[in-house]
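Quick heads-up: structures coming right below.
Same chain, two partners: subunit A is paired with subunit B first, then with subunit C.
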Partner chain A sequence: MAAAAAAAARGVPTRSEVLSLFRSLLRTARQFSDYNIREYTKRRTIDGFRLNRTLSDPDSITSAFSDGKAQLEVAKRQSIIYSLYAPKVKSIMDLKS
Partner chain B sequence: MAAKFLASSSSTLRKTLTEKLNAKYHFLRCLSSSSSAAAAAELYPATDTYEDTNGITMKGVRISGRPLYLDMQATSPVDPRVLDAMLPFYLSRYGNPHSRTHLYGWESENAVETARSQVAALIGASPKEIVFTSGATESNNISVKGVLHFYKDKKRHVITTQTEHKCVLDSCRHLQQEGFDVTYLPVGTDGIIDLEMLRSAIRPDTGLVSVMAVNNEIGVIQPLEEIGKICKEFNVPFHTDAAQALGKIPVDVDKWNVSLMSLSGHKIYGPKGVGALYMRRRPRIRVEPQMNGGGQERGIRSGTVPTPLVVGMGAACELAMKEMEYDDKRISALQERLLNGMKERLDGVVVNGSVERRYAGNLNLSFAYVEGESLLMGLKEVAVSSGSACTSASLEPSYVLRALGVDEDMAHTSIRFGIGRFSTEAEIDRAVQLTVEQVEKLREMSPLYEMVKEGINIKDIQWAQH
Partner chain C sequence: MAAVGSALLKHLRLRVQVQAVPRNPSYVLSFSEIRRRFFSEDVRGSFLDKSEVTDRVISVVKNFQKVDPSKVTPNANFQSDLGLDSLDTVEIVMALEEEFGFEIPDNEADKINSINLAVEFIASHPQAK
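== the complex of A and B ==
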C-alpha cells in the first residue's frame, strides 16, 4: 500500500528506471538454458521496448512499466526452473557447426 | 591461509582424478557398447537410450545435440509464462475446485473460473459456454457423437469432410455403425470444400455439420463464415475443430456461427491433457455426455477439473490474445524465409494445399523424386514430420493429401514444417540448409531424377510388370 502510494506520488518511471528494467530483462534472458526460450526472451524484450518507445501518456507508460516488471519476475523464476531441469545435451543450435 | 590453499588444491586434484576416471569409464563403455550394441538393443529395447554431454543416442541414431523443433502442429513447447501460472497449483494450492467447504477448494474454483473467462475471451464467447475437457479429441467426440445421440429421434445424418482429423472421422465411423448416415464432403486440390456441395448435401434430418477450421496436416483455412451462414440458413448445428486455429487466426464464435467448437491447450503453448469445448447457449445446443459421474462441468464432462492444467490453458489463451499479432507477423516472415530458401536452391518443391488460404505456421511441402521416409531419416537434426503425428507411424501416404488429389509419388515425399512462437531465423536457415543437402544427396542417387533431367517424362514410362 505504502509502495503504491509512493509510486503514485513519484508518478511516471524515469528514463534510467526504464533502461535498468530493459537491461535486467536482457540479462535474465541470457540465463535461460533453453536455446529457443533464451532467444525469444531477448527478442521479445527488445521488440516490446521498441514498440513502446513512442508512449507518451503517463498512465500507459506506468502500466507498461509495471507489466515489464512482472515479466522480469516471471523470467527470473523460470530461468531458474529451466536450469534445474536442463537436458545434458544442448540444442544443435547451441553447438558450433 | 596455507591450509586453505592446500585444501583447495587437493580438491582440484580430486576433481581432475574423478574426471579422468569418468572419461576412462566412458571410453570403456563406448567400446563395449559398440561391439554389443546390436545384441543389447534386441534384448533390451528400452535401454538403447544413452545421453551424455557429447550427444544422445536413441533408436540407434546418434545426434550431437537436441534437434531444432519444427513440428508445432504435433505439439508446442509450454510457454514459460504459462508454466509460471501453473506451478502454484502443483504446490500449495492443490485444492479440488469442487470442494465447497474450505479455502483450498475456493481458491482452486476461482482459478478455474478465471481460466474459463480467459478461454472465452479469446473466442468471443461467454464463460458459461466453455466446458473443460481432456483435449480436442474428447471435445470432438462429445460434439459429434453427443449431439447425434441427443437428437437421435429426429436427426440421422452428419456432414463432414474427407480431410478432418482422425478423431472426427472415427466418431463418424462409429455413428455409421449405429445406423446413422454420414456424408464425407470431398475437397478441391487446394484443400477447401465446395460450398455448393455442402448446401446440396444438407437434408431435413441433418443433425450436424462438422468442418475443421485449420487443417492439421496442410494448414488450410476453411471458409468458416460462409459455412456458418449456410448452416444458419438450414438451421443445422455447426461444429468446428479449432485446435489448430485457436490463438493463431482470429476466432469468433458469433462471426462463424458455430454451435460447438473444440479447442486444445497444447497447440497454443499450454499444457498437454487439457482442452475445451464451446457450446452455444442461445440457441441452445444439447449433447449426451460421454462420461457420467459427479456432474462437474454442468454434467457434460464429469470428473474433477484438473486445476493446474486448466489454469495453464487459460494463461495460454490470454497470452495468445496479447501475442497473436506479434507472433503472426514473425511466423509469416519465417514461413516466407523457409519457402524462398527451399525454392531458391531446389526445383520440384510443391506446397500442398492452398497457398493463399493457409495458416503461415504450417508449411507442407513435397519434394519431387525423393522418398519422404528417407528424407526424414536423413534429417535427424530437424524435428519435422511427414504429416500428422497420429498417422506418422504408418508408411501409407496421408489420407489428407490423397483427398487433395496429390499424386501418390508426391504424397509420399511430403514434409510438414511447423513454425511457432519460439522459432528463430537461424533455425529456419539451418533447416533449409540441411533439407537442401539431404534432398540433393537423395536425388543424386535417384535414377528417376536423372531421367527427368534428360527430359524424359516419368508419367509416360511404361513400367514392366513383375
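== the complex of A and C ==
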C-alpha cells in the first residue's frame, strides 16, 4: 500500500489506469470500419500490453504508459479519418454466413 | 377557369390542413405517454433469461483462445480456475459486450471476474440482447 502510494506520487500509472488504457484502446479499435485496420489495432494493442507485462522499472512503466496514451490519441483520430473514407465494399471477413 | 382553379386549390389546402391537425402529435408528452415511454416493457427492453445468458456467456468464454473449454463451468473464476490474467479478463468482458450488444461501464467491468458475476450482471441489465 505504501509502495503504491509512493509510486503514484512519482506519477507511475496504477494497475487500474493501465487496464483502463487497455480497454480504451480496444474500444477505439472496434470503431474502425475497415476489417484489416480494426483487427490490426486490436492485435497490436493486445500484443503491446503482453510485451510490456513484466516491466518493473517505474521509469519504463511510465514511458510505456505515455506511449500507449499517445497511440490512443492516434487511434481515435484515425478512426474518425478512416470513417470518412470507409470502404464501399465490406471485407469478406465481415460477412457472416 | 383560373377562378375555378384557385377555388379548388383553396379547397384542397383547407382539407389537407383539416386532416393534418389531428395527425400531428403534440410535442408535449402527457403523463400516460411518459409512463409508456419510460416504464413499459417493450421500450425499456426486457431482461434475458438467466439460463440463456449462462449458455451464451459460457460459449463466449469457451471460444476464447487461451481457455481450455473443458474447464469452463458456470461457477468458474477467470483467474483462479481458467488461469487468465487481468488483461485476458478485460478481453473477455469486451467479447461479452459484443455478444450481448451493449456497453459495460469500466467500474462494472472491473468487478466481473467470474462467469457467475458476468451472468448476474448481464441478466440484470435491460439493454442486453
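Worth a mention:
The rule is short, and it goes like this: the second predicted complex is superposed on the first by the 86 of 97 C-alpha atoms of A that agree within 3 Å, B and C clash if a C-alpha of one lies under 4 Å from a C-alpha of the other, contacts with A are read in each partner's own complex, and residues count from 1 in each chain.
What we mean here is this: a residue touches a chain if its C-beta (ideal position, glycine included) is under 8 Å from a C-beta of that chain, and two chains touch if they have at least 3 such contacts.
Everything numeric in this text was worked out from a predicted model, so none of it was measured.
Once the two complexes are laid over each other on the shared chain, residue contacts for A:Asn36 go to subunit B alone; subunit C is not touched. Once the two complexes are overlaid on the shared chain, A:Ser83 sits clear of subunit B and of subunit C alike. For subunit A, the partner that touches more of its residues is B, with subunit B and subunit C as the two candidates. After overlaying the two complexes on the shared chain, residue contacts for A:Phe49 are found with subunit C alone; subunit B is out of touch. Of the two partner chains placed by the overlay, only subunit C lies in contact with A:Leu26; subunit B stays clear of it. When the two structures are aligned on the shared chain, A:Thr14 is found in touch with neither subunit B nor subunit C. By the touch criterion defined above, A:Ser60 reaches neither subunit B nor subunit C.
Interface residues of subunit A facing subunit C in the complex, by the touch rule stated above, are 15-16, 19-20, 22-23, 26-27, 30, 46, 49-50, 53.
Every residue of subunit A that touches subunit B in the complex is listed here, in rising order: 36-37, 39-40, 43-44, 47, 71, 74-75, 77-78, 81-82, 87-95, 97. Put simply, subunit C touches subunit A in their complex at residues 85-87, 90-91, 94, 98, 106, 109-110. Taken together, the subunit B residues at the contact with subunit A in this complex read 51-53, 55-56, 63-69, 77, 80-81, 83-84, 87, 326, 381, 421-424, 426-427, 430.
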